[in-house]
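Below you will find the structure I want to go over with you.
By letter and in written order, the chains are A, B, C, D and E; residue numbering begins at 1 in each of them.
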Amino acid sequence: ADLTISCGAVGAELQLCQAGVARWEAQSGHSVEVVSTPNSATERLSLYQQILGAQSSDIDVLQIDVVWPGMLAPHLVDLNQYLPTNATQDFFQSIVDNNTVDGRLVAMPWFTDAGVLYYRKDLLDKYGLEVPATWQQLTEAARTVQAGEREAGNSGFWGYVFQGRAYEGLTVNALEWIASYPEGGTIVNDQGDITIDNPQAAQALTLAASWINDISPQGVLNYTEEEARGVFQSGNALFMRNWPYAWDLVQSEQSDIRDNVGVVALPAGGENGQSAAVLGGWNLAVSRYSEHPQLAAELVAFLTSPEEQKRRAIDGSYNPTLPALYQDEEVLAAVPFFGTLYNTFTSAIPRPSAVTGDKYPRVSNAFFNTVHEVLSGNTEAQQGLDGLQSELRRIKGRGW
Amino acid sequence: MTLRTLKGIVLKIGFWLLVAVLMVYAIFPFYYALVTSLKPSSELFQVSYWVDSVDFSNYATVLSQPTFLAAIRNSVIVAVSVVLIALLLGLTAAWALGRVRFRGRTTVMMIVLGVSMFPQVAVLSGLFEVIRTLDLYNSPGGLILSYTIFTLPFTVWILTTFMRQLPDELEEAAIVDGASPWVTLTKVFMPLLWPAMATTGLLAFIAAWNEFLFALTFTLTDSQRTVPVAIALISGGSQYELPWGPIMAASVIVTVPLVVLVVIFQRRIVSGLTAGAVKG
Amino acid sequence: MTDRAFLQQQADSPRRERGTRVRRRRVRAAWLFLAPMLVVLAAVAGWPLVRTFWFSMTDASLSSLEGGQFIGLENYLVYDNGWYGIMADPMWWQSVWNTLYFTLVSVSLEAVLGVIVALVLNAHFRGRTLVRAAMLIPWAIPTVVSAKIWAWMLNDQFGIINHMLLGLGLIDAPLSWTADASLSMWAVIIVDVWKATPFVALLVLAALQMLPSDCYEAAKVDGIHPVRVFFRVTLPLIMPALLVAIIFRALDALRVFDVIYVLTSNAASTMTMSIYARQQLVEFQDVGYGSAASTLLFMIIALITVVYLYIGRRQLGGGS
Amino acid sequence: MAGVKLERVNKRFGSTRVIDDVSMAIGDGEFVVFVGPSGCGKSTLLRLIAGLESITNGDLLIDEQRVNNLTPQERGIGMVFQSYALYPHMSVYQNIAFGLKLAKTDKQTVDERVRQTARILQLDGLLERLPKALSGGQRQRVAIGRAMAREPKILLFDEPLSNLDAALRVQTRNEIAGLHKRLGSTMIYVTHDQVEAMTLADRIVVLNAGHVEQIGTPQELYERPASRFVAGFIGSPRMNFIHVEARTGNDRGCRINVPGVGERDLPQQLPADAVGERLELGVRPEHLHLTPAAQGEGVEVVNVEYLGSEAYLYLQMADGELLVCRTEAPSRFERGERVTLDFDADKVHLFDGEGRALPVADAARRSDRHSEQAPT
Amino acid sequence: MAGVKLERVNKRFGSTRVIDDVSMAIGDGEFVVFVGPSGCGKSTLLRLIAGLESITNGDLLIDEQRVNNLTPQERGIGMVFQSYALYPHMSVYQNIAFGLKLAKTDKQTVDERVRQTARILQLDGLLERLPKALSGGQRQRVAIGRAMAREPKILLFDEPLSNLDAALRVQTRNEIAGLHKRLGSTMIYVTHDQVEAMTLADRIVVLNAGHVEQIGTPQELYERPASRFVAGFIGSPRMNFIHVEARTGNDRGCRINVPGVGERDLPQQLPADAVGERLELGVRPEHLHLTPAAQGEGVEVVNVEYLGSEAYLYLQMADGELLVCRTEAPSRFERGERVTLDFDADKVHLFDGEGRALPVADAARRSDRHSEQAPT
């Protein structure tokens, strides 16, 4: 193969990537090998770090998370050198900025992501409930429906599933809870101060902890996206927090709940709160150790082109990084909520990766471990946050 | 009399019950993996204790993945090479340690023993560097080299014990016949050590076949991965299911050869371990 | 050896020689034969260990190994308006505790079960070969695979273990074995015990087979109760083998990585020293810090080994 | 009180019959030795008596009581094993005390018994040692002590001396003989060493392929072997066998032709219809008489072995067989000399085609008739 | 051509001196046997000659050439090991050929040499067999064949028969004796079995704790042991030793007092100043004469061992010592009888306080004087 690309490991994501790559192969006449990487982002990052640390030319094009450009920049080429000067002009500027490190464009936005709430239309209708606007409402509704469904014989039915394993996904989930409260809390603010020990956070975590074994199975503490989707898609959950990619899957022909699913913005933290979605999304970068950087850049350009993004939006409900596509009829037909949730996507809150830099993985790790402890019921929220505060101080040391 | 026979019967029943419990305990997980792997995806989430209808689709899924086949190939290459290298180096070292008295022998033995208790993580970064320097990163060569860290010590240890058990007179006879150490080792000892080498080789094979941490750390691309990593990283084979079926199928596929080997060699393994561990 | 050297040798020491030529040649051959092994071990173990020690005193990171600055023992412990370093990291102490707990519990269970299994396998009964082979199966299954299988069996929603327990009425709601912090350690222990018991059993079986059979006949002639014979004769005699098995297993358990990595990943409740070190090293790219953790792990294992061997020998020596 | 009686005892392992219809009666206080070639079933027979193997068929009686189904302990048996079977991790004291079940109730009695046993066996100073710190002979004594401590009615020994070196063997042999005299208990002793058998036994049981060849006192076996097997087995150097032809024969004696010696009259009864048959003449090395022969006559001395007190001469017969002759040392003959040989007619044995000894006609020879013939 | 000479050879392992100033000369074609108790250094001495151990001090000469620094192969040595040490995975042919092949002999010569060796040892039909398919005696012969094949100047044997059973031992012993006669090569043979030593050796070297006690023909050693150690070591049953007191003594003989027997004149020279010293009298069991004694007189017969051709009587002396007396069988005496004992004055030995034999005054006894005394 002339090039090697690593793109998602999750089933549909991988297939979409393969399809796109295949099209480029047909068009350009080059061959590309698609390698699969671990499901979990944490794992994937460490793999990349090893690859790049080894200065290995094994992977030319990498799919990198929005939080990684800062960390990986030294190992990535400046795409400006290989792409036309106006290459980035149609993209969300915020993401382009995110991907520009010291003036070098290290990655092209590929798809953006923000957490959304999936719900079962049929069941809410059945029990005459509204789509919840706050976490509290969600809790109530989940409780009601869960009790009802269990009564009706589905003893494995749960109210809410999310990503609760101690990994990056939990950081995202928890940040969404915390940020949704009025004056939304943060872990580390833009100035680099450690701010996690705030009342919103405690409130949010206390509520989340109450879900376990109430409306969420205890196993959720070991769930990633796919496990959550497994439960939801097999008809065993009322609500699910997930990324937009799941839309296409739950709406697929084999899905038990096809056409019974709705998607809304995540609930807000209380009456005065606001819905908060954490910015996710992935970008395509070219390794500095690639033997064919020009060719690789061309592949990146192709994959991030409007046609390709549109196709991915329609086939896989991946959020385009081109504002224009959010008005595209065909896209909206396939994924109606792209229109309704446009604000959610544009105003998604970033994780504190920029300010914490190299130490972000530790910060995230400390954070999700604490949250996990709280969710497991091993510590009270406040107590956990106290601990986290000092833990983060320890990590911060003499500075980020 | 009757009391005695009654007691005998009760004892016998108790014994067979114990055997049954142990058997179930030992093989049920593997059996369950087999059962799971033979279920069509639609039945995956219904717990059942046996297969009603055999369905090979999971196997088809796994075996049709080129990455999995590559992983199997890599595992075979790595494991076989590791065995050969460990046996070759182990045999020569075992001769030196087992049959020659020289100053520093105990020290070497202690070093070998010490190496065998290295935590893998403790050498991870240094080894990473060595492998990078040797340009073996993300290639079977890197794994082969790194696996010697745990296969070599016990190979040396076990073979040394076996080597010691060979009668001194045999070697002296060879000396009187004018044989050099190398001739003695290859022409006289090696043919006699085949059983020990088979045991040690098998143990090394299993260790190399099963190794995970180095394989995860020192390989990156699917084409270079070994089976344990491939299995650990298997994710949705197709879009709409949790990949338990394929994972179980893959597990069964990689386990069966080992189980067969172990069953064939079980007696040898016992004696090999006896020699290596208990007397050593 | 050349003739010159030979003559020289003769001239040097006509009356007192340090060895015949045969002997000297053998010693030379011995070192020659050892050389390849020593070179390889130096490459894969010696050098890396030295590097790890070195890294542990730098702030090297994974993506720039050489860029690390020497910072002394700061990775271990440093005071800078508060204590920093591994020794000050509660997670480290948690992982030390987890590791010791895991080791103690799993190895004890393995020892007891291993002896029972070995006794059964040592008995004469029809189908013994079959049972023996069956008992070896868990041992042959790759750790990662067995962890996967167990993860599936322990799955909270679809796992057969919960199904069985529910069926037997032992629990009323499915347990989430791998997620519940209070259960996940036990889940890991269950898997490890399942996997490693055959190894202990094998070693003990080997020892049992070497026991002098006529001691048992002597006991039979003396009419001694089998239970008494087990505790007074068998157990003391297999003790050395059992101790060896236990130390082997303990060393493995102290280093445990893959079972936990697959089963519960980085969860704090099952974080062991190896997991901790790897997390620092690989996931946080902090080679310096991770190396310091690895170094501590190595020293703890070495210490425990030495203490164990010392106590073991003392006990054996005292008993004899 | 502790006689042992075997009545048509059989033992099969699978389909192989290892013990074949063995009957015998062992008196109280008797010292009986089982001898026979390796694999003939000595150990098996002993283990049947001990109760370590089950009897396939037949009865075993101890003190007139059928004990087939009793455990070794219930039979009142003590046993000393070839490898001693000492518990390696127990001290001498513990080894001896272990079998004493009294432990729970009465420590003092155990202690007394152990010390008394140790005194008898002169182990007093060694009680705290582990077996590995003992010499072969001392281990041997501990093994005996352990067997004795429970005061069994019958003591069994399975080749107890075969692990000892020659000098120690002689010494320990004497100790066992002394012990038997002092204790007076019934002892059954297995060995394949005929010197041990001859010197220790009141009576010897010669086993061959699972059946009893002959039972008798050492002297009976040596002087009146019932079969060629026993004759060849007992005595060292071994009895010489020469193929001879019967010339005449009746119930008062016979005449045979010995190649290279000539015709001789022997006191053995020979049925008239057996005349002309090939028989075997058995002559012990000390009963061959040699006289110098002229060159070309007689047989050649092919080897002379000097042993200090005596010498063995090896004679090459015409048919290639070697005969051994025991003479005083140094020998009157040298290698290569030729000699004529002869023998005492009343000291030789005749065996028929099936290897059975032909009975001696008159009662001229010694007349004790206690020897028991095996049922076969 | 292949004489072996040891000149003040010493061997130390660490600080233990295992071989202590041993000197001897072995003639070409001689059959020399090393005997001695276990651990006395027999094997070590043999291995020094073979070149398997290094000589700490002293010279080893083969054919007048110093060979201390040569390999076994260069010394022209063949060796037969106690356990034969056959290569188990090689056929008999390969076993014999191995050394030849290593010496780069051409194939045809190897083949010829192997077949010739096999013929001499009657191994022709067995060449393709593996050692495990051979009987003990055959293995023994293969081991000899292997040692012979390279036509070594000297053949060494380290207890080659000790793994064989009694009957085979006698047979193989005869074969080795025959082989030596046919080959005529120098042979050095280690054993701890004195029967082997006596029957095989031209000369015997008796070793004790690393030094040579005596070198001589079997008859010399038996009849004129140079020391109490040799006297006790050679002969079975062992020589009896009785403490006696010298009454008078000069260079023509002496008079001693034997407790329980009385005063006797002996031909041993005794320095006058040694009169009154405690000496030891050595009498072989066959030189003791017994006559019935009245009750309360003489000594008691405490045990009679019947061995068929002869019997051993054990006599309890006043000082508690046991004497053994060899008599014809069955013995004239029984256990418990009392006997008076006497001995032939010209067959006994006298040893001084250090265990050295006192020389016999006149040349009345046999007069071969080749016996070499150890330097000690």
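Annotations for the structure displayed:
Methods note: a residue touches a chain if its C-beta (ideal position, glycine included) is under 8 Å from a C-beta of that chain, and two chains touch if they have at least 3 such contacts.
Protein names from UniProt, one per chain: B, C = Carbohydrate ABC transporter permease; D, E = ABC transporter ATP-binding protein.
Small disclaimer: the values here were computed from a predicted structure and weren't measured.
Path length between subunit A and subunit D in the chain contact graph, taken as the least number of steps between touching chains: 2. The greater number of contacting C-beta pairs, out of the two interfaces B-E and A-C, is seen for A-C. Among the other chains, A has the CA centre that is most remote from the centre of subunit D. We define each chain's centre as the mean of its Cα atoms; on that basis subunit A and subunit C are separated by 39 Å. Subunit A and subunit E have Cα centroids separated by 93 Å.
Chain geometry summary: the mean Cα position of subunit C and that of subunit D are 57 Å apart. The geometric centre of subunit B is 15 Å away from that of subunit C, both derived from CA atoms.
In subunit E, the positions touching at least two other chains are 52, 71-72. Touching two or more other chains at once are residues 45, 175, 217 of subunit B. Residues of subunit A in contact with two or more other chains: 50.
Within the complex, the subunit E residues that touch subunit B are 47, 50, 52, 71-73, 77-79, 81-89, 98-99, 102-103, 146-147, 150. Every residue of subunit B that touches subunit C in the complex is listed here, in rising order: 15, 18-19, 22-23, 25-27, 29-30, 32-33, 36, 44-45, 47, 49, 85, 88-90, 92-93, 95-97, 100, 102, 105, 108, 111-112, 114-115, 117-127, 129-130, 145-146, 148-149, 152-153, 156, 175, 180-182, 185, 206, 209-210, 212-213, 217, 227-229, 231-232, 244, 247-248, 251, 254-255, 258-259, 261-263, 266, 269-271, 273-274, 277-278.
Across the interface of their complex, subunit C is touched by residues 40, 42, 45-46, 49-50, 52-53, 71-72, 74-75, 156, 164-167, 213, 217-223, 231, 236, 358-359, 361-362, 365, 369, 372-373, 376, 378, 387, 391, 393-394, 397-398 of subunit A. On the side of subunit C, the complex with subunit D involves touching residues 212, 214-215, 217-224, 232-233, 236-237, 319-320.
Those residues of subunit C lying in contact with subunit B across their complex are 22, 25-27, 29-31, 33-34, 36-38, 40-41, 43-45, 47-52, 55, 65, 116-117, 120, 123, 125, 129, 131-146, 148-150, 152-153, 155, 157-160, 163, 194, 198, 202-203, 205-207, 209-210, 240-241, 244-245, 248, 251, 254-255, 257-258, 261-262, 273-274, 277-278, 281-282, 287, 290-291, 293-295, 297-298, 301-302, 305.
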